[in-house]
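What follows are several structures.
Look for subunit A in each of the two complexes below; its partner is subunit B in the first and subunit C in the second.
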Partner chain A sequence: MQFLLQIALAGLAQGSLFALTALGLVMIYNASAVVNFAHGAMGMAATYVAYVLIARFEVPFALAFAAALVAAFVLGAVVQALFLARLRDAPLLSQVVVTLGLFMLLEGLVGIAFGYNPRPMRESIAIAPVILGDLVLRPQDVLQLALLLILGVALAAFFAATKIGLGMRAITENTYAARLIGIPVGRLLAIAWGTGVALSAVAAVLAAPTTSVTPNMMDTIVVYGFVAAIVGGFGSMAGALVGGLILGVVVNLIDAFLAPELAMSIVFGLLLVVLYVRPDGLFGRAQVQKV
Partner chain B sequence: MSRRLVIAILVACAVLPIAFQALGQRQVYWLFVISEFYVFAIVAISLDLLMGRSGQISLGQSGFVALGAYTAAILNQRFNVDLPLGMLAGAVTAAVASLVLGFPATRLRGHYLGIVTLGFGIAIDQIALKWDALTGGDQGIHLHRPALFGLDAGTPVRMYYVALVALVVTVLLVRGLTQTRIGRAFAAIKDSEVAAAAMGVPVARTKVLAFFVSAFLAGAAGGIYAFLAGFVAPEDFGIESSLLFFAMVVIGGMGSIPGAIGGAVVVDAVKNAAATVSGLSLALLGGMIVLVVLFFPGGLKALLRPRGARRARRHAPKGVVRQDA
Partner chain C sequence: MQHVLSRGLAALAVTIASVTTTGIASGQATPAPGATVEGDTIVFGQTAAQSGPQAPIGASKWGLEAFIASMNAKGGVAGKKLRLISYDDGYQPAQTTALDKKLVYEDRVFAIVGSIGSPTTAAVYKALNEAQVPLLSMGSGSPIFYEPGLKYVFPSWPIYTTDGETMGNYVKKHFPGQAAAVIYQDDGFGKPILAGIKKSLGKVDLEIPYVPSQVDFSSAVIKLKSSGIKVVMLATIATSGAQILNQMDSLSYHPTRILTSSACGYGGIFGAIKSLEGTYCTAFLPPPGSTDPQWVEFADAMQKYGQGHPPDIYAAWGWLAGQVAYAGLEKIKGPITRDALVAQLETLRNFDTIAGKINYSPERHEGSCCQLLWQAKGGKWQIVPDSQFNGSAMK
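Showing the complex of A and B:
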């Protein structure tokens, strides 16, 4: 029982990374109807900002983390304004293709600049693990879960009460109508992309001590982020959050009791079953296609 | 493309091995590189059938190639099955897998398909590595020397012609298919699923069919590849190679056979030329994809088109998309 609880705990901690990635994906998807295949690569690129600041300039972790988030926000906003905005009227396939191209471009460029050798990143907080009865709580795990909950609440408040958040919901509902009533659609899309990519960067920087800093450090996490978003209905932020946490536990159960080498295969098998039974995810509502 | 140009290219491909004799020892290497390219071109055409003709995305095309290659290799290793049958068995296995994957996937909105096929590619890779009793794990499988209807086909020159003929047959098949009722149904779905459904096209069934034919061709290419290389291992079919096939289709310009082949030429050349610096070919191809989508939506096929057609296109009303054979 205690073993199971420990696995569940590790799963929730790992799942919080999937959830953070998925939240960013859904935010971008809701704003622009684009699935951002460069999501993980953009978070990875921002992590290199933190890495360089810490390793070369000995900047404190919190400051480097903040710098990575700013870099991620700028990267997301610039990509939206430079590339996606031009493709507003292009077929959806072109928009997805461009994000895939960006994924390859970013991973390749970082690979050329830094090489593919993994570089170590220290744990973000250096305090001893907390013992809670029979359970061991790693401070890193607590930090991940705490950040996910704080950001989840902040995002809910953002969409419920701020003018920018309400404007984004209007864009999700009907972009054309939003433009007509004077919502600055272009600027809000850039903000949504920036914020979404910043969420990916939060996951990437938190993952770095475990995955090490490499050009493909986010590849696995972002694929699980996709799965979490689909399970959550791709469009629901709460669904993405819960989906990520569930997935984290599932992956840790597979690692412990089945075959860790086949974790992703088993997850995709389960995803096919979920999609077969509920095509709009566990938490999604059926969508009617608008013509 | 003009008929004369096509014939000239075909003749050049057919006599290439003779010209290569001047290379001496190195001709074996170059024959392999070009034969391998023909196989890649088949996969590019298969992926273009899916993406360019029916508007669906696949990020796991190398998964189907792997299924075809492993099926051929395992049958060859255990039962001494030969090239034609091995290739066919590989194609059928990949096609059947596409049904398992395609039925739930095609019920869904387009981007889910990209993610599900991505997962499929990763899963095939993981399973090939893990199930070593069947696949030899990371040691791979060595094949027996291939034979074609009792004749020894194991020389590089003969395998070159096998690959070339397979490519030509694929081109003719896909060309023929796009001109049938089914091909027009693919195009209708690509333009608008709702409009296609309104016109009486069975959308889900047609999408699954596109997936099925695409996987069949990719599986056949995998089967040929296994005999060509004489060896099959998981690292040949990772997610990276799926991305390469994807890049071929996009850079070539979607919905065109000459485009897919041209894209395969460019991607294969970049991959081989930039192999020394890790990350370089990935960055170059990614950059090219971004540039193509932003500035040359027609890709290479727009450059390959005869001049008159290009001028006509420039004066065509905006928003009209032409379907090219």
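Showing the complex of A and C:
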């Protein structure tokens, strides 16, 4: 029983990373209708900011983490303003290709600058794990889950009760109408992208003590983040959160009881089943258009 | 009607011609161009990951470049200079195939030297052998490269089963009767090592496969910890090895750990793995910082010609590849041809390299015989006494 509990705990911790990634993807998609394939790479690039600050300048982890989030926000906002804004009216495929290109560019540039050897990242909390019998409670895992819940609630409140959040929801509903009533669409899209990429950076920095810091550190996490977003209903923040947590537990159970090489196949198989039963995902709503 | 018939016959002729040509291209290999060195430069080709998760092991390129530069500074070999053309295959076998074709048929390299990776080299070794292009010192100990009949293939690493037998023998001797587990990469790299471990130990109490794309090993580590196993052998690459050891530490699980050389060859390992102290690693090279004259020569050359890259184990793989190629070339009297290189390589007996003694014969192209263990002590690797294992079939 304790073995199962440990697996589930580890799964929830891993799932929190998928959920954070998915939240960022959904935020960007909701605001701009763009699926950001460079999402993981952008979070990774921001993690290197934290790595350099800690390794070379001995900055405390919390400050380095904050700096990484700021860097991620700026990166997301700049990418939106410089590239995606210009492609606003371009075919969807063009926008997808741009984000794919950014993904490769970022990983390549970081690889050239830092190499591909794994680099260490300090644990976010320097406290020994709590041992309860055979169960090990890792402070890192608790932090990941706590941050996910706090950010989830904060984002929900943001969209429900703040002017910027309501403005973003208006843009999602109808960008043209939002522009007409004076909502600063460009600025809000930049904020949405910045916040979305910052969420990816949260996942990447939290994952780094386990994965080590490498240019490819987010490649697998972002794939599962996509799956979580789709399972939850691409567009639903609650769905992304729940989808990520469920996915983390499922992947860990597959690793523990079946075989790791089956994890990706089974996960995508389950995705097909979920979409067959609920095409809009677990929490998504059917897209209705007036004719 | 006659027009249609003519077009039909023409189409049929083209189809027959293309099928025939394809059959020749795939079934009956003809020697690749570049079999004789005609100019004043001997050109080697190499594929090694310079990007992607396997990029750390691509540092062998720099060791080979350093070897070539240092030999050229001494006048080259057989009156000719050496040159390397190295391409990044990203550790993707499909890329390796395309790039090797380019190296052989466009760049007209004399030999493929020091290419890195088991799955990548597995994708090309038969075609290279059939095209009579020497494939020397690939970065792999996969048993498929040691099969008899591969006239142009010369591995230089100990076969992977030796890796596993070295680990297994040490565990049998120093941890008798203790349950042991293996975490292994589920491909042509990890499986032979597992086979070697099982050959020496008899049995393994827990086998846990993983795939290179895996980022979280908590379930594997939890499984190991709850099994109570105190000895864990890891047949992993660098990033996976670091992740597994760090997760062991975070879950307060501290068994005896034995890694393969692929997981501990990089310079920053003591920073990447906080709990490395006391961990063992199989090796067929001297540890970094060693006073072994072969290592010192390599390290000095890396400082001079390594273009800022450190003298780590991955670069040493490339250095070894250069040594093997050079050893065959310098014995050639007369025109430098691929067959002459093969003939001279097959005369090498107890040839001294950075990986110890290498032996080749017309019947067996085996490379280095032996592995031993290092142990992490005080932030450095130190050789473990009495840990050497000779897995050679040419004893």
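Just so we're on the same page, the second predicted complex is superposed on the first by the 284 of 291 C-alpha atoms of A that agree within 3 Å, B and C clash if a C-alpha of one lies under 4 Å from a C-alpha of the other, contacts with A are read in each partner's own complex, and residues count from 1 in each chain.
Note that contacts are C-beta pairs under 8 Å (C-beta built on N, C-alpha and C of every residue); 3 or more make two chains touch, one makes a residue touch a chain.
Predicted, not measured: the structure shown is a model, and the values here were computed from it.
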Room on subunit A for both subunit B and subunit C (clash or fit): clash
Partner chain(s) touched by A:97 [first = subunit B, second = subunit C, both, neither]: first
First (subunit B), second (subunit C), both or neither touched by A:278: neither
Partner chain in contact with A:210 - subunit B first, subunit C second, else both or neither: second
Touching partner for A:179 - first (subunit B), second (subunit C), both, neither: neither
Touching partner for A:87 - first (subunit B), second (subunit C), both, neither: first
Which of subunit B and subunit C A:116 touches, first, second, both or neither: both
Which of subunit B and subunit C A:138 touches, first, second, both or neither: second
First, second, both or neither for A:259, with subunit B first and subunit C second: both
On subunit A, the residue positions that both subunit B and subunit C contact, one per complex: 107-108, 111, 115-116, 219, 259, 261, 264
Touching residues (chain side subunit C, partner subunit A) in the complex: 51-56, 58, 186, 209-211, 213-216, 218-220, 222-223, 225-226, 238-239, 242-243, 246-247, 250-252, 266-268, 271-274
Subunit A residues within the subunit B interface of the complex: 35, 37, 83, 86-87, 90-94, 96-98, 100-112, 115-116, 215, 219, 223, 226-227, 230, 234, 259, 261-262, 264-265, 267-269, 271-272, 275-276, 279, 287, 289, 291
Touch list for subunit A against partner subunit C, complex: 2-3, 6-7, 10-11, 13-14, 107-108, 111, 115-120, 123, 128-129, 131, 134, 136, 138, 140, 207, 209-212, 214, 216-217, 219-221, 251-253, 255-256, 259-261, 263-264
Residue ranges of subunit B touching subunit A (in the complex, touch as defined): 51, 55, 57, 59, 101, 103-105, 107-112, 114-116, 118-120, 122-123, 126-127, 129-130, 193-194, 239, 243, 246-247, 250, 254, 277-290, 292-294, 297
